[in-house]
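Two complexes, one shared chain (chain A), two partners (chain B, chain C).
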Partner chain A sequence: MSSVTWRNVFTYNKYTQIAARAVRQSLKESERVTAEKRGLTALRYQQWENGQGGQQVHLNPPQEK
Partner chain B sequence: MLARRTLGRIASQPPVGAAPAGARNMATLREIELRLKSVRNIEKITKSMKMIASTKLAKAQRAMQAGKQYGVANSEVFQNAPAEEPAKRKLFIVISSDKGLCGGIHSSVTKATRRTFADKEAGIDADSPIMVIGDKSKAQLSRALPKNLVMTFNQIGRDIPTFADAAGVADLIIKSGVKYDGIAIVYNKFVSAISYEAAIMEVQTEDVLKSAPGFKAYEMEDDVTKDLAEFSLANAIYATLVESHACEQSARRNAMDNASKNATDMIGKLQMQYNRGRQAAITNELVDIITGASAL
Partner chain C sequence: MSALRLVSSAARRAPKVFTSGRRGYAEAADKIKLSLVLPHQSIFTSTEVVQVNISAATGDMGILANHVPSIEPLRPGVVEVIEPGSASKKWFVSGGFATVHPNNSLTINAVEAAPLEDFSPEAIRANLQEALKVAAGSGSEEDKMEARIEADVYEALQHALGSK
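Moving on to the complex of A and B:
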């Protein structure tokens, strides 16, 4: 078995998200559209320090068209 | 005696600057008409919001039934490998949402968190970190427990929460490097379509799992245990997110339903008042005309 080095780079959740994205993109057209919706996330987060909020950061920056 | 009579005379004169009595009634009629129009608009809006919330509730409930299984799968491992001693420094993840007009959803989770912090028996560290999902609870907790806030998330809950949302949140929590012995997720539990209650779901960390005596029976490698801890955090967050979302839709539907009922009551009362006022004005005019006619 190849040495599993992905654990040094990202977490298991990121690993599953990448694998899921690959599976979704490989589906047949009709199933792909419904599956894509399950992978959407518009999450934004903000670090807090001493009762003060920091900048709001997009987890997946929206693509500029 | 003289003073009392003078007082009586002053009281019987109308106050300076008041419009004549007839004009005041007409102005009141206009006011009632304006209020009636605005309450009717509000009733239309709340009724349509209630319809939207009902359709969203049906979809959210189906997603909740499916999503709860993730939380159940987690709890099986934790039940077979319970922690030996309760955690002192817990990470609290508070689940709410960004939108309002949904009754007491946000304040219910905020109150549950504050109660747990104030409770001496539970023995939680006073500087336990808190992470909040949703702007409404963020505002409430940033006023109540500002020092404990570590990270906040928003833009979740516009639509049914996806596992991608939960995995993203879990990822950020783990990467943030915050220290904790256990995790407590504060969310709203769906009791029925008209009621919900705040509840806490406990998730164990990797270290606690490894030291738990029951866990040896699983015979897992360290790497895989780390994966399991991360994945069960994402599972728990997903299960609580969908359940809270369903509670929010049902609370919004109930709140808008009550608002529509109140608006309908107000319209009935205002309409009665308006009609009475209108008839009184007409009667007064008739009386004026008739007395004037009889004098000629």
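Moving on to the complex of A and C:
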């Protein structure tokens, strides 16, 4: 772990996700497609007030589809 | 006649008492229960194995049965599992934790792991060059740190695949 200084910049979660992404990108073509899907995270949230749900908002709006 | 049969059966039974104390390499008497789990897949679930070699942050270690309880963060590296009676199998894990519990069981939690055969050396080489370029470039501190972490993973992968 020559880059032990990542603790100044990242949380452990982010560090682990970066390392996992690097491993996924190094797989053979056949395995890579299923692996890349695992790296995808999407979040949708909704504000509730007086029992009424507000607009559902995507954290990162999906570009296509 | 029956006395002779009794004697011969007793003689057959006696050697078994001695063989249980002898340890051969084919079946080691002591095994540790390994659970190697990823978020999306359980590679091992409480499977009895003889030895597990991990690359911990503090150095490479081999874990045998009845290891002292400890928690070790893992470097991106190879986990080698030696099951009773079969050759060792290797996986490259992206990082995580190895926990030895007091009840002779070992849990390894990792985010990503794959057998060494599933990796492509060309992809690793290309990714490494890309990451080194970004790490030496003029981006933000975060981008460069991210690239350095990735470069470390790729270098560990190359080392694992090279010295198979």
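Following the convention adopted for this analysis, the second predicted complex is superposed on the first by the 40 of 65 C-alpha atoms of A that agree within 3 Å, B and C clash if a C-alpha of one lies under 4 Å from a C-alpha of the other, contacts with A are read in each partner's own complex, and residues count from 1 in each chain.
One rule holds for everything that comes next: a residue touches a chain if its C-beta (ideal position, glycine included) is under 8 Å from a C-beta of that chain, and two chains touch if they have at least 3 such contacts.
Keep in mind that what you see is a predicted model, and the values were worked out from it rather than measured.
Of the two partner chains placed by superposition, only chain C is touched by A:Thr5; chain B is not.
Looking at the shared chain after the overlay, A:Trp48 reaches chain B, while chain C stays out of its contact range.
In the superposed model, A:Gln17 makes contact with both chain B and chain C. Of the two partner chains placed by superposition, only chain C is touched by A:Gln25; chain B is not. In the overlay built on the shared chain, the residue A:Leu59 is in contact with chain B alone; chain C does not reach it. In the superposition on chain A, contact is made by A:Ala35 with chain C only, not with chain B. In the superposition on chain A, the residues of chain A touched by chain B in one structure and by chain C in the other are 10, 16-17, 38. Interface residues of chain C, counted against chain A in their complex, comprise 39-40, 57, 75-76, 92-96, 111-114, 118-120, 123-124, 127, 131, 141-142, 145-146, 148-150, 152-154, 157.
Interface of chain A with chain B (complex): residues 4, 7, 10-14, 16-17, 37-48, 50-51, 53, 56, 59. Looking at the complex, you find that chain B touches chain A at residues 142, 146-147, 149-156, 158, 162-165, 167-172, 174-176, 223, 226-227, 230-231, 234. Partner chain C is touched in their complex by these residues of chain A: 1-3, 5-6, 9-10, 15-29, 31, 35, 38.
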